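One structure coming up, written as structure tokens, with questions to follow.
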Amino acid sequence: MLLQFLANGLVTGTVYSIVALGFALIYNTTKILHIAHGAVYVFSCYIFFTLYRILHLPLIFSLPLGIISGALLGIIMEILVYRPLFEKNASSGVAIVSSIGIYIFIVNLIALLFGNETKILSPGIEKTYEFAGVILTRIQIFEALAFIIVFALYIILLKLTNFGKAVRALADNPTLLSTLGVEISDLKIWIFALGSVFAGISSCLVALDVGMDPNVGMPALLVSAVAMIVGGVGVFESAVIGGFTIGIVQNLAVWQISARWQEGITFIILILFLLLRPQGLLGKRTRVEEK
Amino acid sequence: MDNRKAILKILNLTKSLEGLKVVDSVSIDIARGRITGLIGPNGAGKTTLFNLISGLLRPDKGEIWFEDKRIDTLPSWQIARAGIGRLFQDIRIFRKLSVLENILLADPNHPGELPLNLFFNYRNIARIEQKHLESAEYWIEFVGLEGKKDSPAGSLSFGQQKLLAIARLLAGGHKFLLLDEPTAGVNPAMIKSLLNLIQRIVKGGKTVLFIEHNMNVVLKIADWVYFLDEGRVTSFGRPEEVLGDTEVRKAYLGV
Amino acid sequence: MNYLFHILIMLCIYGILALSLNLLIGYSGLLSLAHAAFYGIGAYASTLLMVKLGLNFFPALILGIFISGSLALLIAYPSLRLKGDYFVLASLGFQLIVFSILYNWIGLTRGPYGIPGIPRPTIFGFEFNSITSYFILSAGIFSLVFVFIRHLCQSPFGRALKSLREDEIAARVMGKNVPLLKVWTFIIAGGLAAISGALYAGYVTYIDPTSFTLDESIFIITIVLVGGSGNLKGPLAGVLFMIILPEALRFIGLPDTIAPNVRQMIYGLLLILLMRYRPQGLAGEYRLE
């Protein structure tokens, strides 16, 4: 039993990690607590649903288009909402509240168009596979594979490309970056696009597995935020550690306590980390606290 | 050194910021009832030293004693209540509050700032408020801001803001005052009365430690001078002595 | 007529919530996403004291204030150590933990089933069971709270809060005990939110956890930000606007099936536009840090 729950935890961890990578990418570079990441998450899977189930496009087209639509939405948010605030030198509280505003607007728009009920993408029983006594469904295996590919590509992108260098420089020293001749506002567009792609991948995978409703964005966002804190702010890859930690802890909680307390336990982890280890598991000691 | 006990003693104080030793094994005694000047080039660690004394920064090593109390481990508000007041270089008045409110905030230990007192000790609080109001009127008049009592502090001219900051500091009743460049940005006509004021309050029993770039001011009012360079005290003595020191002249004045 | 009184009662309940959250946002500069948690704690504490222990409304209300005020210490402590975004996250976590407890501790709260049959307040044998009398009760309590908060804001305590909102460094060096001031603000804001909770429970006579969600916290924040924070008229303007707006929407004949979503979309848009063009709200003094 323990193995099965650990395996479930790892699989949950993969989708948590993907959405959290996007959230952490945006936070580490722009310092915006991007609540609307949750809206991108919902938006992507609903576009996917529309293309796949309503317009009956094949999966190979509808899935990527769903993800790309999320990226476009992310870019629109940056250009229409965050950039003007940044230019006005607005405070972080202002950005958070704006982000909450975007989230509310989009989620309710989706609820208005599609209704509040749960939508299922792939009806029927999933094919399952057994490995050493651990049972996984086909979509779970798909999620794990997707994570491995996405994470590997992301690391390569960060470490080996000029874009990755610029992104890391933006996180560490934005003023230096602009003196190097990099146009920060262009870079941010790509960051929002990439971050939103992560949200889209995660949400479409989860939607294939368990379906969706307009309110799936908030839990995904909250998990991302907790994963980023647990992993460590300032280190791009660390959200994965956080994502897996939460995935495993939640599944162990289901096993040992009850599924009902999953959420509560997640946020107790958040508060414990904020108070006792604000730099997270991997993070550098940053100015999280006041003197 | 004057033949009196030091009011503030700094022992071997060291502080690094971002890998740089900004204050390096500084030991200083401040004579009670005197004016001591702190001079040195930009980046010598003068303001950092002030931040350490007022508890905004914690030293890496060393001790600070105020009267018979060790203060380098205390939070800022306790240091203020122990009797150390500070004039900031960048003034730091509360810009959206009125001139009067700024001065009413001067008391470092106002019992009315505890909600329980407001409800269970109201009469006492009202009495204290009344006293503060009267003293605030006095200080506002003292610095010549009578007409501006209810204006937001941010609407005053720079010189007036500085006066307000000084009035706010004096209304706090501290016995030891840290003045970070009190004459910077003040017009020459006013500098004179400002210096008179500082000398007057010291005669009244207070002690002043001030950072200053204007050497004429230092020569005029300081009893003692410490010269700080790259975080270290490199010279100490009477103002004429320190300013005559060739090392000091080289490091600071470039002559 | 009943409809009018219903709106007025809601104005009183949300008025207290907005004025109390304003102490945190507008006076201490703390963007707390946990206010619905204290609203809920107040509602559940007073309800359980009435239903399980048979207390009268008024003693239950007062105990509820103390319980909520004490629990506010749990969020006050993180606020001293965490700045900006991190405090927002901590308050979010607190909100969700409280909701999770209300929802899942079935032995105490009956969880999703809610608690029905909450008795109406009574005093000297008089029961506030008509909507008119309940309005009078709500208006009375609201007025008391308003006078209390005004007294507080004009006191040296309120002045000290304003000073640390403007310049915390200067306030500290001037002897302001910043941690203690913030802790007190939380205790008072949490305690006052509990009054709204008790009033709400006594009014609808049934509570369940879905009234005290993160969405509700965001709604209360929206009220304060739309109206503006940092003074007393800002939050009150916000309450008037935000409670009357949906009623106005109803009058223009928006179908009930889409009205809630449209309303929420308007709130979202309002937040975005306000932050961009008028961060101090309709009548506030303070801009978010």
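Some points to look at:
A, B and C are the chain letters, set down in written order, and residue numbers restart from 1 in every chain.
Keep in mind that, in the parts below, contacts are C-beta pairs under 8 Å (C-beta built on N, C-alpha and C of every residue); 3 or more make two chains touch, one makes a residue touch a chain.
Quantities reported herein were computed from a predicted structural model and do not represent experimental measurements.
When C-beta pairs in contact are tallied for each pair of chains, A-C comes out on top. Central chain assignment: C. Criterion: smallest distance from chain C-alpha mean to the mean of all protein C-alpha atoms.
For the pair chain A and chain B, the distance between C-alpha centroids works out to 50 Å.
Chain A and chain C have CA centres that are 31 Å apart. In terms of their C-alpha centroids, the spacing between chain B and chain C amounts to 42 Å. The residues of chain B that reach two or more other chains are 56, listed in rising order. Note for the complex: chain C touches chain A at residues 31, 77-78, 80-86, 88-90, 92-94, 96-97, 100-101, 103-104, 214, 218, 221, 225, 258, 261-262, 264-265, 267-272, 274-276, 279, 287-289. Residues of chain C that touch chain B in their complex: 151-152, 155-157, 159-160, 162-163, 166-167, 169-181, 184, 188, 285. By the touch criterion stated above, chain B contacts chain C in their complex at residues 54-56, 75-77, 79-81, 85-86, 88, 92-97, 101, 104-110, 112-115, 118, 125, 129, 168, 172. The part of chain A that touches chain C in the complex is made up of residues 31, 33, 81, 84-85, 88, 90-98, 100-109, 111-112, 218, 222, 225-226, 229, 258, 260-261, 263-264, 267-268, 270-271, 274-275, 278, 287-290.
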